[in-house]
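Submitted below is the structure of interest, expressed as structure tokens.
First chain written, first letter: the chains are A, B, C, D and E, and each begins at residue 1.
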Amino acid sequence: MSRIEIRNLVKMYGAQQALHGIDISIEPGEFCVLVGPSGCGKSTTLRMVAGLETISGGEIAIGDRVVNGLRPKERGIAMVFQNYALYPSKTVYNNMAFSLQLSKMPKPEIDRRVREVAEILELTQLLDRKPGALSGGQRQRVAMGRAIVRDPEVFLFDEPLSNLDAKLRGQMRAEIKRLHQRLENTIIYVTHDQVEAMTLADRIVIMRDGRIEQQGTPDEIFHDPDTVFVAGFMGSPPMNLVDCMVTPTGLKLGDSEIACATPERIRPGERVICGIRPDDIRPASDQPGGAPITLPVTLIEQLGTEKLVHFSAGSHDMIGKTGGRTELAEGRPQELSFDMTHAYFFDPESGKRIR
Amino acid sequence: MSRIEIRNLVKMYGAQQALHGIDISIEPGEFCVLVGPSGCGKSTTLRMVAGLETISGGEIAIGDRVVNGLRPKERGIAMVFQNYALYPSKTVYNNMAFSLQLSKMPKPEIDRRVREVAEILELTQLLDRKPGALSGGQRQRVAMGRAIVRDPEVFLFDEPLSNLDAKLRGQMRAEIKRLHQRLENTIIYVTHDQVEAMTLADRIVIMRDGRIEQQGTPDEIFHDPDTVFVAGFMGSPPMNLVDCMVTPTGLKLGDSEIACATPERIRPGERVICGIRPDDIRPASDQPGGAPITLPVTLIEQLGTEKLVHFSAGSHDMIGKTGGRTELAEGRPQELSFDMTHAYFFDPESGKRIR
Amino acid sequence: GEIEWLQWFAAEDSTGFYDELVADFQAKHPDITVKLVTQPFGKVRESIVTDNAIGVGSDVLGLNMPWTKEFLDIGILEPLDEYLAREGNSFATEDLVEAPLGQIDGHSWMVPLNAFPFVMHVNMGLVRKAGFDAPPATWEEFAAQAKAISALEDGTSGIGMPFSSQPPSNGPILTFLPLLYANGGRIMDGTTPNFDNPKVVETLQFLKDMNDAGGIAPGAASRTGGVDLEEFIAGRTGFLISPGVHSSSITGRNPDLDYTLVRVPSNGDKAYRVHGWEIGISADSDNKEDAWTFVDYLLSPEVNARAAKAANALPGNLAALDMVREGADETLLKQMEILEGDTPVEEMRQSPKAAGSWSVMTEEIQSMLRGDKTPEETAAAVQARWLDLAK
Amino acid sequence: MTAMLRQMTTRGTPYLFLLPGLVILGALLSVPLYKVVEYSLYDNVIVERNPTWVGLDNYTTLLTDPGYWSAGLNTLVFTIGSVAGHMVVGIGLALLVNADINPRARTFFRSMLVLPWIFTAVVVALNWQLLLNPFGLVNYVLQWLGLTSEPLDWLGNPDLAMWSLLLISTWRGYPFIMVSFLSGLQTVPRELYEAAEIDGAGFWHKFWHVTLPQLKPVIYGVALLDLIWTFQLFPLVWLSTGGGPGRATEVLSTLTFRLAFVDFQFAQAATVAVSILIISAAFTLLYLRNEARRL
Amino acid sequence: MADTAHPSAARRAVNEERRRRWRQAGTYAALTVVTFILVFPILWMISVSLKPTTETFSLPPRLLPDEFHWGGYAKVLTDPKFRTFLLNSYLVGLAVTFLSLVIGTLAAFGFSRYRFFGDRVAKLFVITTQMVPTITLLIPYFGVIVFLGLYDTLWGLVLTYLTFALPYSIVMMNGYLDTIPRDFDEAATIDGCTPLGVLVRVLLPVALPGIISTAVYTFLLAWNEFLFALALTRSMDMRTVPVGISMMVGEFGLKWDEMMAFSVIGSLPVLILFMLVQRFVVGGLSAGGVKG
């Protein structure tokens, strides 16, 4: 349980700059999730915290210590790798005990801790197996166990669940959440998966091209995005982001007009990017309140409990939602209701939110 | 575009039987998805269709030909592998052109087809790169392109998207769907991911332990499961399946009573497994129609546009849903409304649906 | 027809003499072609046996006298008596160096192409530096001078003894036997080994004493004949016992050396170990007549003289001596003197398992020089092991 | 019917792939291998045109010959020593030369270090004789450093000869191991090292707990091949020491050669060869078993 | 806070950088020392090749000759015999390497990709052929070569070395092929490759590092072999480098300078070859082909 301060962190790979000054401040016990598109620098940041990459500029402090020059083992961290990186020749027991053995902890103490953690993670039966004889989910748990036994101040996770199948991913996600509630360590967690980000994080940091785009609680990030990038990044299916013309009464979307309140700062006649989540676009029968427009439905995706309604508005392809049991036909115009109370507006040039 | 008939397919690995008589009949142009838990025989079935595994019993016909003895290249199929299996030493162009080169197609014709497909898949910029220099999503597209250029009668996909991150997975899913609509080939598609299964399939085949559990359209599978296994398998979060006692007016779930109609075949006093999707359990304020019960909420997961409400009913952990903006507190009892019109009932012994 | 001549002589020659020789022969005998098969010396003996076992043996064989008995056991060689007795030969059998002709099993098996008496090469510079003005003639003088030279300065020794086990590990026959013969000793009794006789013990004792007194260069047990020669040429040893043929390479390679050549110091006996390059004919040859024609050609005084000169050796046909004498240098003249005046000895020809016996001698003398065995024990051990080998 | 035919061709495919190799090996080596075994059952082969059948007499002679046992013991020392030397030096250098340095420098060092492999045994042996000679460079340097007072006769002293031979053999043999291990090193996932680093492992810990276990199959295979080759290594030993001084460095292969080509006792030589075959076969079975486990 | 923290951070960063640089310097130092020691015998060979023979044994030993003596090189470079030896060695070496790679890889493919009746026996046989000391095989083997009419031809040598190199090629290539996922085979099969096509067009490019290290081994085996080269040839035209070198070890002494000069000259192309190919010996070529 330590505070982590990352100040103006810079990483150069040769002449190429991978991080352009990252500032994150993580409270003790906070669960911080880094998300962002591939190549944005998430792993690099995490690995610099771990001490696996040299720091080109800026400072990282864990607890009260600046750790810049310290070796990984001196930083009081544990890390779970994307592909687990279990020692294939060691048993589960020894995989977990390795770091304790290296730190010359007395044998009985090691044994006690390993068994305790194995108990928590339901690995007790597997202690004598080697990683090769484990399933994906079990390996993942061993990798976590290896981190947990060290009782580190800080946990670092680099896409720990990305190699699991959907079902297992859901289970392990819940397990990590439970563990965090129980152990209360500070955690930095890198993921691609926004469901993981949303469900696990106390704080989400969204990165883009080596910079921080926005950080905040999941609710803030999801419901109050600062930029069009963040708005489009969080949420699946993603928010519909359409270029609109502002009219005195609302917006002009393709040929249709939608009546809605627009922020004061935008004048009629200006262009604006309007963001509406698919959840807020539903067949008029489902959602009586909103602004109804009739638009052609191009594709319907049945997800089971809900259906995604793809339709086109002018040159834009947009997605709406409906319940899984709603009967809807593809290829025909459909009256759709837009709930514009939750619409977002962004400046087309800067991508910044217009509130 | 060929019909595929799989008749009483049996596979033995030594003494171990992997498939116990599979019958599937796929219409020309149909998109057939095989799902099922790990090890159930999905890949085995697919690979037997491809000609990569010998057939221990039964028959496979593609178009009008029984292909049991034919080599893979004589079957008119193309396959996309889970891990892509791109040729690492060939450029993207040559990866795609390889099968055409092998079939001695004239160079200009090869070039035309490769470029056309590359255009569709947005690979034109990458044609001279080698697989090592591509990102995961790009590799996946190359693997698909390699299959598409051959213009086969039948496409076989073995978990083609399972190694991609969530975002990319969604995009590629839509791309595959579009491709199918455009090319209209017959497709057999193996996946773990039920969202893929639901959105892509014309027909879903659910397998379990080398047998077919149920097959039908996504709607049938999702809304009309034949067995408790199928009901629990499809849907995320999964359907709540709880052991109940039938009462004259409904069901007894833990200490609470839920009023609902039960199928005639079950008498009061019998045990039954009742399945209710999380979507049909919502806070009473959201969903006024159903049967309200007050139960303690244990955990709330914010997914963004919706929240999962974990609560316990007697000894059962159950999940309900609510909108992403609904305020709900963990740890407190909450009045939940069960929409029992969509409840399913199963025989606890056989697992069969009771209609 | 075509005949093959297997030898190592051409490998030792860098002037192309043997190609010319063959060309000359073929010009004189247009119906015969001779193919020169050259092997490194260290492998000739194996090659002859291997080739013979497979049936691809060469027709004319370059031979080394110590191999004779072994080759006879395998039946490789053709008896030459009948050929030697022919009228039309270009040489007289009596003129040939005698040792190679000596009969074994009642026949002659080879003829000498040339001959090298074993001599002692002397670095007069070191001898003088050690306070002597003449090379040693007796063992006593020899031991004294060797000891004195060793004492001179770091890195010089009286004499090197090449008793390395490294193949062919023939150090004993290069150094020990010449000394033994000059002492009037022998190691054979007819065709049976007779190593444990007093003369042998006496000679071994002489070596041991000289070694103990520091007269012998250190590292005898790893010293090969090649290294021994090189160190002498480099001026690091005072004396070198080896075939006289080395004199030309010594003077050629280190002209600054104050060099002379003498008879191996003796205890009165004027006997020398004779060595040479011999020629035989394969018993399996399909073309023995042509083979003999070639051998006859090689032995004709004129050709033989040329061959001897090319190898810086003395001719096997002594009738060619006069031709060789013309323009010969002093060292060659001294060798001729030895050749003409002293008794040649060659015992290895009839000795069983000669090659094996050298290893035995090498190993036992190594252990004697190390101080593990007395000369008597050494002699007895060699005798026993040799007999065992020959059994 | 066609299906059956097809099945047969499919079954035949692997044999077609093996055919050229097995034909060449079979045609050229099965007769010699058979002959060697046959020789060992006769007396005086090759020397005698009509050798006599003696059954297992040669084996009895061999097993009662102390020379054989001492050569066997030397072989054991030489083999184990050499293989250990190859491994230690080869692996150590592979690690060193795998370090993160300038790629050009790396190519340079790798190429230099592989040099001992590309000279023929005659030259290697003679060169080492020069170096190890009492007046040679090694002694000179040792004396200059004050490590020895007298020149040592490295190859002529029975107490030192085996060590010298091991030195030469190690020098000559490490590049093979180095190259093999080096290619193996490239396959160790980087994450394992990182995980170990986070677990607090230093250089040696990483080597022991990550590198070695990860490369165990490579090491095992290469070591066994090396073992089989070293076990019958001939030219280098024969040319360096000839088995001497005395028989201090006589190994089974030089004994075989001595019996065959010095003493012309080909039957006895074949007997030793068969005994080597039997011992090597044990190694090979070990190797195959290890391989089966790896699959 | 920031004011106090930054200088220390900078110092630590410098420390880290310095540590890394020290480590590199250490590596270079160690490599230089070790390489010098291990390569010293070869420097000595070069030195001997540049000394007149009298100096070879000079005392104290000197690495640099008083005066460079190019006689050995001159002799070796001008004598056509030596050119023949070199040419033969390279011809034989390259032919053996090529053939053993082709044949060995085929067999290795069979072992690696198929389970069939007799596979273990076949493998045992392949390895068994390596286990008898080659010297004892010399005479019977010689007989076979004579029987085949390949005596005193380079083909005889090629075939001989092939039998020595094949088992190794098979075993090693088998190992390398085993590391390549089967998925490539399957993908290529579906693309329409025959099994041979799979091997040649898909697997070989991926197995390049393995091929190269096997090739290096095979080439050096043929390059260094002496006993059979001597026994199975007899014309000067058919001799190889090791035989040529051993010819310089005469009955009466040794041409040190020529011998070392010849060794050095003969080895140079091999060294250059190795420098060129060693880049391929390392690094995974299968990168990006399969995921997971």
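What we mean here is this: a residue touches a chain if its C-beta (ideal position, glycine included) is under 8 Å from a C-beta of that chain, and two chains touch if they have at least 3 such contacts.
To keep track of the chains, here are their UniProt names: A, B = Carbohydrate ABC transporter ATP-binding protein, CUT1 family; D = Carbohydrate ABC transporter membrane protein 1, CUT1 family; E = Carbohydrate ABC transporter membrane protein 2, CUT1 family.
Every value quoted in this text rests on a predicted model; they were computed, and no experiment measured them.
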- Leader among chain pairs (count of C-beta contacts): D-E
- Message: Using CA atoms only, can you tell me which chain is the most central one in this structure?
- Response: E
- chain A and chain C: spacing of chain centres that average the CA atoms, whole Å: 91
- Message: For chain B versus chain E, what separation do you get between their C-alpha means, in angstrom?
- Response: 53
- Geometric centre distance via CA averages, chain E-chain C, whole Å: 40
- Approximately how many whole Å separate the CA-defined centres of chain A and chain D? 56
- What parts of chain D, by residue number, touch at least two of the other chains? 46, 135, 261
- Message: If a residue has to touch 2 or more other chains to count, which residues of chain C qualify?
- Response: 53, 155, 227, 231, 236
- Task: At least two other chains touched by the same residue of chain E: list those residues.
- Result: 56-57, 59, 139, 143, 246, 249, 254, 292
- Message: For a test of understanding, state which residues of chain B touch chain A in their complex under the given definition.
- Response: 38, 135-136, 162, 165-167, 170, 177, 192-195, 198-199, 218-219, 222-223, 234-237, 277-279, 299, 301-306, 323-325, 342
- Message: Residue numbers of chain D touching chain A in their complex, please.
- Response: 189, 191-192, 194-201, 205, 209-210, 213-214, 216
- Message: Using the touch definition from the top, list the residues of chain D that touch chain C in their complex.
- Response: 46-47, 49, 129, 132-135, 151, 153-158, 238-247, 258, 261-264
- Of all residues in chain B, which touch chain E in the complex? 50-52, 71-73, 77-79, 81-90, 98-99, 102-103, 130-134, 136, 139, 146, 150, 163
- What residues on chain E touch chain B, complex-wise? 181, 183-184, 186-193, 197, 201-202, 205-206, 208, 285-292
